[in-house]
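Encoded as C-alpha cells, the structure appears first; notes follow it.
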Amino acid sequence: MAWLLLSLSILLASGLAAWVLRRESIGLAGAIVGCAAGLVSAAAPLLTGRSCALSLPWSVPYGSFHLEIDALSAFFLLPLFLVGALSAVYAYGYLAPYRRSQPLGRTWFFYNALVASMALVVTARNAVLFLTAWEAMALTSFFLVVFESERKDAREAGWSYLVASHLGTAFLIILFVWLGSRAGSLEFERFGNLDSRAAGMLFLLALIGFGTKAGFFPLHVWLPEAHPAAPSHVSALMSGVMIKMGIYGLLRIYICLGPGPAWWGWLMVAVGVVSGVLGVLFALAQSDLKRLLAYSSVENIGIIALGLGLGMLGRSLGIPALAALGFAGGLLHLLNHALFKSLLFLGAGAVAHSAGTRDIEHLGGLAKAMPWTAGFFLLGAVAICGLPPLNGFVGEFLILLGAYHGACAVGHLAAAGAAAIAAIALIGGLAAACFTRAFGIVFLGQPRSRHAESAHEVGWSMRIPMAALAAGCVAIGLGAPWLLASADRFLGPLGVGAGSWAGSGARGCLLGLTLLWAGLLAIVLAAAGFRRWLLGGRPIGEGGTWDCGYGRPSERMQYTASSFAQPLISLFAPVLRTRRKLATPTGYYPGPADLATTTPDIASRGLFSPAYEAMQALLARFRWLQHGYLQLYVLQLAVTLLVLLIWKLG
Amino acid sequence: MNGLPQPGLAALVLLPLAGCGLCWVLRAPKRILAVTWLASLLSALAAAPAVWACLHGRALQEAQGWLALDALSAFHLAVMYGVFILSSAYAQIYFDGGISSGELSLAQVRQFASLWLGSLAALTLTLVSNNLGMMWVGMEATTLLTAFLIIVRRSPDALEAMWKYLLICSVGIAFAFIGTLLVAASAKGLVQDPGQLLHWSRLMAAASGLNPKLLKAGFLFVLVGYGTKAGLAPMHSWLPDAHSQAPAPVSAVFSGCMLNAGLYCILRYGALCHALPQLADWSAGLLRLLGLLSISVAAVFILFQNDGKRLLAYSSVEHLGIIALGMGLGTPGIFAALFHTLNHALGKSVGFFCMGRLGQIYGTNDLRRLAGAARREPVWGNGLLLSLLAILGAAPFAVFLSEFLVLKAAVEAHRAVVVAVFLAGTCIIFISASRRVIAAAWGEPAAPARLPGPRAGLAATLLVALPLALLLCLGVWMPGPFRGALERCAAVLNGGR
Amino acid sequence: MSAWSELILILVILTNLLLVGGNRLTGLIRFAAVQGLLAGLLPLLVHSHAITARLIFLAALAVALKGVAFPLLLGRALREADIRREVEPFVGSELSTFLGISLLAFSFWLSEWLGIAQAGWLRLMLPVGFFTMMTGLFLIISRHKALTQVLGYLVMENGIFLLGVALVGEVPFIVELGVLLDAFVAVFVMGIAIHHINREFNHMDVHLMARLKE
Amino acid sequence: METGLIFPSAGGIAGAALAAPLLSGVINRTKAVFAGRQGQPLLQAYHDIIKLLGKGAVYSRTTTWVFRAGPIIQFSCAALALALLPMGFQPALLAFPGDFICLAGLLALMRFFLMTAALDTGSSFEGMGASREAAFSALAEPVFLLSLAVLARLTGALSLSGMASRLALHPAEGSGPVLVLTTLALFVVLLAENARVPVDDPNTHLELTMIHEVMALDHGGPDLAFIQYAAQLKLWIMGILVVNALGLGGRGGWACAGGMAALAVLIGIVESTMARLRLLRVPQLMIGAGALSLLALLLTLVRP
C-alpha cells in the first residue's frame, strides 16, 4: 500500500511540477517512476493473493480515504501502470512537433493526474472517494482530449465526451447513494443485503452509468469522437485502460450486489452481442484509422461483456466451470485488449505523426518507409482479430470454451451459449476483414498520396513502447497457462469459488494451446528454411505487380479501403445506413466521377440526436416565459402568490 | 480571539457607511475605488472575531436583541464579505479602462462607490438583524441602492433592466412585508414586550404557540416576496435582465450575496414554521417545489442562451434553486445547501469576473463572438471555462460535492421526483452550457477584439485563480472546523436541535 | 370614533375603485393623495384611547409623505415628462371596475379565512388593507405608463400600511420609521428612474420596454 | 476398438499430408467424367507442386516481407491443423476441450495472411479477391462454429476426437435429422472456404470473378506451391470434419478414406451440375447454411 501512495504522490507532484516549472522531463520521469512504483504495489496481491488496505479519515462528509488493493484491483492496476508508463515514453517523442507552439507542461500534469485518478478509482473503497476520483478522471481526460483545442472536431469530441461522462456519473451518484442509504454508510464493504427488486434496479443503474464509460452500445457515442481527437498516447491510455474502468466499476458493484438472478447475465450477454457486432461493423465502415480503432474498442468491450455475462450466468445458475471460464476469459480479454489496442493506437499515432493524415484512403505502402511500425501494427492486428498464437486468441478461446460449456447445458443457458458462439464467430470474421483492411490498405501496396510518400520511420522513443506492448501480446499468447495458473486469485472476489478454475479444465487446454503454438513456430521456421534452401542459388527476379494486361497500372488504381469493405457494408446496410454520394459519369465525354461514403453512428443519429432535438423542441415551448413585459412579470408574481394561497390555505 | 476588542454589530453596518462618506471627500476616481476595497476589507476584518466566534457556536445579541449574530448569519456574513472583497478588488480592474479613458466621470465613480458601500451596509443590516422588520428594512434598502448600480453606465437596456428590477423587487418586498406582519399577528399575545414582537429569537422561543394559519399565510407571502429577491422561479423574471446589464462586479455581488440574502430571510421564517410540529415539513415542501421549478426554468433558458452574462444569471437561478431544494430536505440537505451557497458564490463570482472582462475586451457578451478567448486572454478565458465547469458540477470542484450531498439527502428522503427533476435539469444545463463555453474558450476567433487591452496582471490572475483553487481544495478536503460550522448553521434552522 | 374609522375605510374603498376606474393621470394622483391622507390618519383613530407623541409623530410623517410629498413628486415627474395624460390601460375602465369589485370580494374572503376575528368596525380593516394592496398591484399590472406603476406602488404601500395597523396594531417604532423611509426612498428612486427613462426613450411606456427577453 | 489396425496418429498425419492433393485429382476426374472428357491425370496436383518447387521466384517491387511470409504461414497453419484432426480410429495428435476453436483459429490465421499477402501486391484484382474472401469467410465462421456446437451438444464432448469417436460408436438416439442438417451446413462451409462452386470456380480464368485464385496471382515458384498445397490440406481438413460428422471417420481408416473419396466425388458432382452463384447471392447461401445449423441446434434443444 505504501507503494501505491508513493506512486500517487509521485504522479501528482511531478505533474504539478511539470506544469509550474514548465519542464516536460519532470512529467515524463514522474510518470515512469510513478507507474513503476504502482506496478510494485499491484504485484504483491497478484502474486500472493493477499489484499492490503488502508483507511484514513477524510474530512469530506461521508467520505473516508479507504483504499484497498485486492487481486481484482491489482489485475486492473497492472495494465493501467503498464500502458501508462509506455504511453508516457511514447508521448515524449509524439509531442515533439507541438513543443514549439505551446508549453506542454500542462499536458503532462493532466496525463499524470489521469493515471493517478484511475489508480484511485480502482482502489477506492468509499463511494465519495470513488466518485471524486471518477470525475477527476473524466475531467483530466477531457483536457487531454481537447489537447488540440483549436480544431473543431477536437472541441466537439471533448464536449460530447464530457457530457457523456457527466450523464453517466449522474446514474452512478444515484446508484451509490441508494446503496449507501440501504447500508447506512458509503463504505463499499457495507454495501449489500438488498431485496431482489432493488438489486435489479441497482444493477441496471450500474450498467448504464458504468456502461457509458465502458462504451456499451448505444452508450458508446462519445467514444468514436473522443478517441480519434485525442493525441495518440492519450487514445491508447483511454481506449486501453480508461474504458475498462467502466468494466471495473460494474464488477465491483456486482460483487457488492451478489450473484443476482439469471437475467443479469442474459442482459450482459445481449449487451455484449450487440456492442460486439455493431462495433466491428462500424469499425469496418470507417476511413479514419483512429476512428476505426475506437469502434473496434466498442467491439472488444462487447466481447468482454459477453465473457462476463457468461460468468454471471454461470454464477447465478450454479455452474462453477462456466463462471470461471466466463470471468477469466472476460478479464483476460480485458488485459489483452489493453495491450493490443494501446499498441494499435500508438501505431496509428506513429502513422499520423509521420504521414500527416489518418485517412486510410490517403495512405498505403507505409511498410517500406516504416518497417518497424508496420511490424508492430501487424502483430497488433493479428492479436486483435483473435488469431493464434497471440494473446487475443487466448481470451476469446476461454470465452468460447465457456460458451460451449453453456451450449451443452440444459435449458435456456444453451441458447445464451449458442448466441455467444455465433456472435464471437461473426465478430472474429468481421474483425479479420476490418484489420486486414486497416493493415493492408495503410501499410501495403503503393502510397496513395503525397502524405504517404513522405512518411518516415518514427524515433526510438516511439518504437520502444510499441515493441514492449507487442512483446506483451506474444508473452500472454504463449505463456497463458502459467500466467493464468493462479486465476483463482483474481476470480475469487467475483465469487468464483476456489477450485472452480482448476475444475473447469482450462489449464489443460491452455497447455495444449501453448504446445500447438510451439509447433506452429517450429513449422514456420522449418518451412522458411526449406524455402530459403529451395531458392538458394536460383534466380530471383523483380518486376511490377502483374497488371492483368493493362500496361500502366498506377497507385490510384489500387483497391481502396471503401471498395474492400463494400461487400460487407452492403450486406449490413440496414444497420449501417452508409450514406453514399455518387456522381456518375454521364454524356459522351464523361467528366470525372466521384463516390463518397460516410457512415455516421447509428446511435447518435438514430437515438441521441433526435432525443436532443425533441428536448430542444419541448423546452423551446417554454421560452415565452421570459417575454420581456414588465406588467406580466408582476402578474406572474401575483398569480404565484394567489395560487399558493389558494392551494396551501384553501 | 477573546482578547481582541469586538466591535459591535452596529459598527459593522456603520463602517461601510463611513467609507461611503469618504468617497465623497476624495477626488481621484481610482482612490475612490480603492476605498471600496479597503472598506470591504476593513469591515470584514472588523467582523472576523464575531463571525469566528459565532461559527464556533456562540451567539451574540446586542441593542436589546435588535441585532444578533448566530452561526447561520455569521456564515452568510462571511460569504458576503468574501464576495465583496473579491468583487471590490475586481472593480479596480474592471473600471480601470473607463476611468483612464475618461468614459467614467468622477461623479459616476462616486455614485458607484457610495452605492456599493451602501449596499454592503444594507446587506450587513439584513444579516445581523434579529428583528424581522429590521431585516425587511435592510432588504428593501438593498433593492433601492443596488438599482442604481445597474445603471452606472447608462444605456436604454440598462435602464429597462433597472426599472424591471426596481419594480418587481419592490412589489416582492412589499409582499414580504405583509408576510412579516402576518407572522407578527400570529404571535400576538406571545411576546410580552411589543418592542420585541418581531425578534426572531423571541418568536423561535415561543414558536409552539404561534397561530399556524397566520404563520402559513405569512410564510407564503414571505416566500413569494423574498423569493423574488432570491431569484427563485417563477419570480425570477427580473434576474437575467439585471444581471446581464449591471457591471460585472455588481452582477457578482447580486449572485454571490444578494440572492443568498433573500433566501436567508426565507430560511428564518422557514425555521419558525419548522418549529411548529404540525408544519414541520410544510415549509420544506414549498422550498423543494420552488427549488425544482427554478432548476427547470434555468434549464429551459440556458439551453438557448448565447449571451454569457445571461447564461450565468440563469445559472444563478438554477443554483439558488438547488440551495432552496437542499433547504427543503432536512438536516443533511441544509448542510449541503449551505455548503453549496459558499461554492456557488465563489464560482459564480469568478464566472462574472471573467465574463465581464471578456465582454469589455470583445465589446459583446455573445459567447459565439468570444471564440478563442482562452488563447487570446488566457487568464480570463481559461478562468471562464474553469469557473463554468466548476459551477456546472464537474468534480473535483466543490460544487460537485455539494450537489452530491443534496442528491444524497433527496434519495435518503425517498424523493424520487426530486431526484429525477434535479438530475434532468442539471444535466440539460451541463450539456448546453458546457458546449457554449468550450466553443467560447477555444473556438476559431470570429471577430477581432475591440480593445487591445492590457494583459491581465498578477492581481487578475490571483483574483481568478484563488477562488478556483479554494473550490478545488474544498472539493477534496473539507476542514473539520468548517464542517462543524456548517453543522451548527443547520442546527440553527432546526431550533438548536 | 368607530363611525369615523368606518367612514375612512369606506372612503378608502371608494378611492380604490376610483383609482381602478379612472383614466386621467392627474386624477389618479389626486385620488392616491387622498387615500394616503386617509390611511395616515387611521392609526390616530384606532388608538384614540391612548394617543402618544410617537403616534402623532408617525401619523404626521405618514400624512406628510403619503398625502403630500409623494403626489408632489409624481406631479412634478408628470409635468417634466410632458406626456399625454391618459392612463392607457390594457384593461378597459368597465372591466377594471368589475375586477376591482371582485378583488374586494376576494379580500373579504381572505380576511375571513385568516380568521382573526375582530370586534366591530375593525373587521373592515383587514379586507380594506388587502383590497388596497391588490388595487395597487392591479394598477401596476394593467397600465402602460411607468408613472402609473409608481402610483400603483404607492397604493400598495398604503394598503400595507393599513394591514400593519390591522394586523399588529403597533409595529415597533424603528421598523415603522424604516418602512416609511423605505417607501419614501422607493418612490423617490422610481421618480429618478422615470426621469432617466423619459430622457433615454422619449416615452414612459413600459409596454415598449421589452427589448430584454429570450 | 481395433487397436493398431491403421496408422497411429503421426502416421495418420503423414497419410493425410500425402493424400491431400489426391482429392483435387478425384474431383477433377469426376468433373471430366461428367463432361465426357478424359481429363487431367489423377496425380496432376502432385506434378504441379513438384514443378513449382523447382522454380525460381519473381517478386513485384511493390511487395514487402509480408508477401514472402504469407505462403509459409499459410502452409504452416494448414500443416499444424492436421495435428488436431482425428482420422480413422486414431484420436488426434493433440486433443483437448476446445481444440476445434484452435482449428478455426489456425484456418483464420491462414486466411489472414492469404489476404494480407494479396493486398501487399497493390493489385486491384488481388484486393478484390481479398475483399470477397474476407466477406464470405466472416459469414462462414459462425456457421462453422455453430455446427460444431450442435455436434458438441449431441455428443457431450468438447474435442474433435471425442466427437468423432462418439458419433461413430455411440450415436445419440434419434440424432439422424440433426446430423444431416449439421453435415449439410458443414458441407456448405467446406465449399465456401475452399473456393468451390457454387461460391467460387477454381477453373475460372476471368480475374474479375475469382476469389481464391486471384489472390495468388502474383505468387510463383515455391511460394505458389506452398499456397496450393496449403489449400489442398485445408480441403482435406474440412472434408475430414464432414466425414466425421457423418460418423464415418471413427469407424476405421478405410471407412475414413472411403468417405473422403466419396466426398470428393460429391464435390465433383456439385461442380458439374451447378453453376456458380452470382457474388451477391453468396451471402444468402451462407445465411441459409447458418439457418440450417441453427435449426439443428434448436432441434437438439427441444429434444435433449
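Points worth noting:
Labels for the chains are A, B, C and D, by order of writing; each one numbers its residues from 1.
Here is the rule we go by: contacts are C-beta pairs under 8 Å (C-beta built on N, C-alpha and C of every residue); 3 or more make two chains touch, one makes a residue touch a chain.
Being a predicted model, the structure only gives us computed values, none of them experimental.
The largest tally of C-beta contacts between two chains is found for A-D. Between chain A and chain B the centroid-to-centroid distance comes to 44 Å (mean Cα coordinates, whole Å). Inter-chain centre distance (chain B to chain D, centres taken as mean C-alpha positions): 78 Å. Put simply, the C-alpha centre of chain B and that of chain C have 31 angstrom between them.
Here the spacing of chain C and chain D, counted between their Cα centres, is 100 Å.
Counting only residues that touch two or more partner chains, chain C has 137, 140, 149, 206, 209-212, 214. Shown for chain B are the residues that touch two or more other chains, namely 163-164, 167, 171, 213, 217, 240, 301, 304.
Interface note: chains touch in the pairs A-B, A-C, A-D, B-C. Every residue of chain C that touches chain B in the complex is listed here, in rising order: 114-116, 133, 137, 140, 146, 149, 153, 156-157, 160, 163-164, 167-168, 170-175, 178-179, 181-182, 185-186, 189-190, 193, 196-197, 200-201, 206, 209-212, 214.
Here chain B touches chain C in the complex through residues 66, 131, 133-134, 136-137, 140-141, 144, 147-148, 151, 154-157, 159-164, 166-167, 170-171, 174, 177-178, 181-182, 184-185, 188, 194-198, 213-214, 217, 240-241, 244-245, 301, 304-305, going by the rule given at the top.
Interface of chain D with chain A (complex): residues 53, 55-66, 71-73, 75-77, 79-80, 83-84, 94, 96-99, 101-102, 104-106, 108-109, 111-112, 115-116, 119-128, 130-132, 134-135, 137-142, 144-146, 149, 152-153, 156, 158, 207, 217-218, 221-223, 226, 279, 283, 290, 294, 297, 301, 304. By the touch rule above, chain A contacts chain B in their complex via residues 58-62, 128, 131-132, 134-136, 138-139, 146, 149-150, 152, 155, 158-159, 162-163, 166-167, 170, 173-174, 177-178, 180-181, 612, 615-616, 619-620, 622-623, 625-626, 630, 633-634, 636-637, 640-641, 644-645, 648-649. On the side of chain A, the complex with chain D involves touching residues 364-365, 367-368, 371, 374, 378, 382, 385-388, 393, 397, 400-401, 404-405, 407-408, 410, 414-415, 417-418, 421-426, 428-430, 432-433, 436-437, 439-441, 444-446, 505, 508-509, 511-513, 515-516, 519-520, 523-524, 527-528, 531, 534-535, 538-548, 553, 555, 557-559, 563-568, 571.
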